[in-house]
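Each of the two complexes below includes chain A, the first together with chain B, the second together with chain C.
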Partner chain A sequence: MEKFYFNRFDDRKPYHAIPDSTFRTYLFQFAGILTAFAGIAYLRWRWQHSLNYEAMWFSLPLILAETLCFIGTLLLIINFWSFKDAEKTPPVHYLSEIEDLHGRADRPVMIDVFIATYNEDVELVRYSIRDAKKMNYPYTDVPVRIYVLDDGRRDGRDPSRQNMKKVAQEEGVGYLIREHNKGYKAGNLKNALDQTKGDLFAILDADTRPFPDFLVHTTGYFRRRKVAWVQTPQWFYDTTPAEPLNEVIKSRLGIRNRRAARLIDLLFGKIKINEDIFGNDPRLFYDVILRKRNLYNAAFCCGAGSVHRREAVMTLALKDLAREIRRLETDLLRKRTYSNEIAGETRTLLLEQDIIPFKFHASEDIYTSIMLHADKENRWESIQHPDIECKMLSTQDLDSWIKQHQRYAEGSLDIAFKDNPLFKKGLTLGQRLCYFNTIWSYFAPLWILVFLLSPILFFFTLTLPVQGYSFDFFKYFIFFQVLNAATITLGAWGICTKRGDQYYISGFWFMLTALVSVARGKKVKFNVTPKNKQMGKHMQHILPHLVIIGLGLLGIAYNIALLATGFHPTAAGFAANAFWFLFNAVNLSIMIRAAYWKPLEPYDEQV
Partner chain B sequence: MMSRYKFLLRPLFYIFSILFSSWMVLWIESISPSDFGKYGALFSTPVPAPPGGRDQLKKLYREYKSGRISSDEFEKKFEDLLKTFPDDPGNVPLDSKKEKNEYTDPGR
Partner chain C sequence: MEEKLPKVNADLSPASQITAGKAPGHVPPLPVEESELMRIRSEELFQSGSEYPTRELAGVYFNGIQYFDFTHVPYLSNSEMARLVNLLKSLLKKGIEIKLVNASAQIQQKIRSMGLESIL
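== the complex of A and B ==
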């Protein structure tokens, strides 16, 4: 098989899911309640006593930003409340184990595995196909069929392109294509469902390599008749490894001198940097955020690495069709159309309208999840499986990372503006809050931008956004921040959140772009995440970061000059804002570092 | 016997957490500085100032001007504030000053 950059990471072993602990859960809940109270006390004091009425243009946006940010904290506490993993059961054998037969003859259950691809290297897809072929299933009479869903139509018609069909044939798996790309990935899956018959089907992306027990560990959940899908954690096994700082310095500066090299080794030899430089590790999301949503039956599908019940998505599709027909009939009745005309129009609609199992949307997975959860008649359930059952590739450059995350942001925001789950009929309160939490996190640039600009505004206007950095300010603020940090640590026990926090702040610009784009009604595009390194497209992403850091440094220099000459009105204000700016700058710098990151040993294989 | 009441543990835990949090908030509010805020600014020359006196005076004035407190309330609060000024020669009850005609009240 062809060699790729990721072959060097093949030996990496996945992490183990965080073990559930009742004691830790109660400790977290206690800390969460304390944080909520401390936060409310802090904000009450801020609103009532700390506003600088002489600079409301500055004071008001900051306090609004803090309040909005606190809403996010409350939603996170609700999300993190407790684990509720579903009981694991052996894999299913017969259809009667997963659904009522209603007089039909029983038979072994049928399972399809879909590998969706568009433009990825066919040899990369071959790895996924081979791993899918290695999947075990304890019952030999259960057919497990693998299909490559090629939306790139690489069936050999264009000799200048790679031939995906040939690879599928060589590997002995099914190959399904369509003549258009309507509905993007959702359309691709719909096309596959139209042509296959599996009672359960697994969705894998082109780079998703399932482990041998993927199906063994996931199909048992479907014994619960209302389980619509099971999502397994996505584990990126090719995140950048930690690099010794001394080697990075020597390599970047091209140091050849032995003495200098030895000195650098002595000073920096034990420090490691750049581990997961792109913040790709999604463990916090899958092992905590999504897994804890099992409590509210609100874990949503993330596409790759999930197994679905065909009946659930098809029921949803048929309901959508029925709704369309009802809407048409109502319209025609309003126009006083004759009954035979109504019947004719309905028949035409039935013939022309597609049955769409997955919503045609840039975020088809989360949107379909919302619709299934909101189905009052069926009350579909979702399960976030705790253990890793497949491995995937992560983005290897900043441009691809931003494209991928911008699509997530735009998709989620589009749902927020058009079909907000907070007001969606059929969802329970817990589900509403959990979905709203996801959407709310994409509004973060609104407050992050204020937090980033505040110290800079102070440096140049010498105006404080609060009445003063008094004892009262610090007593409320410190209590709240310490409790908040303790709560997050307990909630995400065992997972380092440092990189996530950094990207949360430094991702403000692309999230702001996404927010503006969706608010202006721009159509959300489905960008396929590139699986190869995109070079030289970074400056546009980090320019805002450089501007903010540059302005901050200029502001600090100006303030130091004022202090030195005795003209600075508030040294305490400068100290507080300088500290605040440095915190921001460190977090912003991660994206700049990521933009210019190169591995110490260049990947000589294909990337 | 105890297992019959086990179901009460969780609600009791939440009630305790809420009560403890409420107490904590009240406690935070009651904390007053020892010497923090004794000085007008953290890094400036330590000019002794009454704790929060200037700020409170400003706040009181703003509240009175904006009509959020009546003149009676203002007077009472102002007196209370004056009492907090240590070794202030003016720290004499307003009433006694009125008797000595040291004050003329422009508002009446």
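== the complex of A and C ==
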């Protein structure tokens, strides 16, 4: 098989899911309640006693930003409330185990495995196919059929392109293709569902390599008749390794002198940096955020690494079709059309309508999840499986990372503007809050931008957004912040959230772009995440970061000059804002570092 | 040319008959090979269900109408119903209408509950 950069990571082992602990859960809940009260007390004090009425242009945006940010904290506490993992059961054998037969004869269940591809290297897809072929299933009469869903029409018609069909044939798996890309990935899945027959089907992306027991560990959940899908954690096994700082310095500075090298080794030899430089590790999301949503039956599907009940998505699709036809009939009745004309029009509409199992949307997975959860008649359930059952590739450059996350942001925001789950009929309160939490997080650039600009505004205007950095301010602020940090640590116990926090702040610009784009009604595009390294497209992403850091440094220099000459009005204000700016700068710098990151040992294999 | 009525037609009664959509307008039915319909019946319609319908689902094509006898079909899952709608669409495009005959009350109720009675 062809060698790729990720072969060097093949030996990496996945993490183990966080063990549930009743004691820790109670501790978290206690801390969470305290944080909520401390936050309310802080904001109450801020609104009532700390506003600088002489600079409301500055004071008001900051307090609004803090209030909006606190809403996110409350939503997070609700989301993190408790684990509720579903009971694991052995894999299913017969259809009667997963659905009522209603007089039909029983038979072994049928399982399909879909590998969705578009333009990825066919030899990369071959790895996924081979791992899929290695999947175990304890019952030999249960057919497990693997299909490559090629949306790139790489069936050999164009000799200048790679031949996906040939690879599928060589590997002895099915190959499904269509002549257009309508509905993007959702359309690709629809095309596959139209041509296949599995009662359950697994969705894998081109780079998703399932472990041998992927199906063994997931199909048992479908004994619960209302389980519509099971999502397994997406584990990126190729995140950048930690690099010794001494080696990075020597490499970047080209140091050859032995004495200088020894000195650098002595000073920095034990420090490691750049681990997961792109913040790709999604453990916090899968092992905590999504997994804890099992409590509210609100874990949503993330596409790759999930297993679905065909009946659930088909029920949704048929209901949508019937709703659309009813809508047309109602329109026609309003126009007083004769009944025979209505019948004819209904059939015309039917010919134009498709049965769409997954919503045609840039975020087809979360949108379909919302619709299934909101189905009042069926009350479909979702399960976030705690253990890793497959491995995937992560983005290897900043441009790809931003494109991927921008699509997530635009997709979620588009749902927020057009079909907001907070007001969606059929969802429970817990589901509404959990979906809203996801959407709310994409509004974060609104308050992050205020937090980033505030110290700079102070440096150049010497105006404080609060009445003063008094003892009262720090009493409320520090108590709330310490409690907040403790709560997050308890809620995400065992997981380092440092990189996630950094990208939460440094991702403000692309999220702001996404927010503006969706608010202006721009159509959300389905950008396929590149699987190869994109070079030299980074400056546009980090220019705002450089401007903010540059302005901040300039402001600090200016303030120091004022202090030195005795013209600075508030040294305490400067100290607080300088500290605040440095915190921002450190977090912003991660994206700048990521933009120019190169591995210490260049990948000589194909990337 | 005189055409004989299909045998299944003798069993049709209003109560057990669900009429699927006629082609819009009066488009004359396109010639369809019987073998093609057999393929649809046996492979496409119920391939997602159990094995029995492929053996037992009877159907005839007569005078622009494809009849499906549901006598031995006790239940339609939504996956199977989706397949039926797709089949209806593909035949409508060819100017053929579908009639499901001898459908059980349970199946009729299922179709109604899904809101598909106007097309199936």
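Here is the rule we use: the second predicted complex is superposed on the first by the 607 of 607 C-alpha atoms of A that agree within 3 Å, B and C clash if a C-alpha of one lies under 4 Å from a C-alpha of the other, contacts with A are read in each partner's own complex, and residues count from 1 in each chain.
Note that a contact is a pair of C-beta atoms (placed from the backbone, for glycine too) under 8 Å apart; a residue touches a chain by one contact, two chains touch by 3 or more.
Predicted model, so just to flag it, every value in this text is computed and none were measured.
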item: Fit-or-clash call for chain B and chain C when the two complexes are aligned on chain A; value: fit
item: Touching partner for A:R157 - first (chain B), second (chain C), both, neither; value: neither
item: Partner chain(s) touched by A:R326 [first = chain B, second = chain C, both, neither]; value: second
item: Partner chain(s) touched by A:R262 [first = chain B, second = chain C, both, neither]; value: neither
item: Partner chain in contact with A:R130 - chain B first, chain C second, else both or neither; value: neither
item: Following superposition on chain A: angle at chain A, chain B versus chain C, Cα, nearest 10°; value: 130
item: Contacts of A:R225 with chain B and chain C, given as first, second, both or neither; value: neither
item: Touched partner set for A:K418, first chain B, second chain C, both or neither; value: neither
item: Superposed model, chain A: greater residue contact from chain B or chain C; value: C
item: Overlay on chain A, chain C to chain B nearest C-alpha distance, Å; value: 41
item: Common interface residues of chain A - those touching chain B in one complex and chain C in the other; value: none
item: Chain B contact footprint on chain A (complex, rising order); value: 26, 29-30, 33-34, 36-38, 40-41, 49, 53, 467-471, 474-476, 479, 570-572, 575
item: Of all residues in chain B, those that touch chain A in their complex; value: 13-14, 17-18, 20-22, 24-25, 28-29, 31-33, 36-37, 41-44, 52, 55, 59, 62
item: Residues of chain A touching chain C in the complex; value: 95, 99, 101-107, 110, 194, 196-199, 310-311, 314-315, 317-319, 321-323, 325-326, 329, 343-348, 350-351, 355
item: Complex interface listing, chain C residues touching chain A; value: 21-25, 47-52, 74-75, 77-79, 81-82, 85-86, 88-89, 92-93, 106, 114-116, 118-119
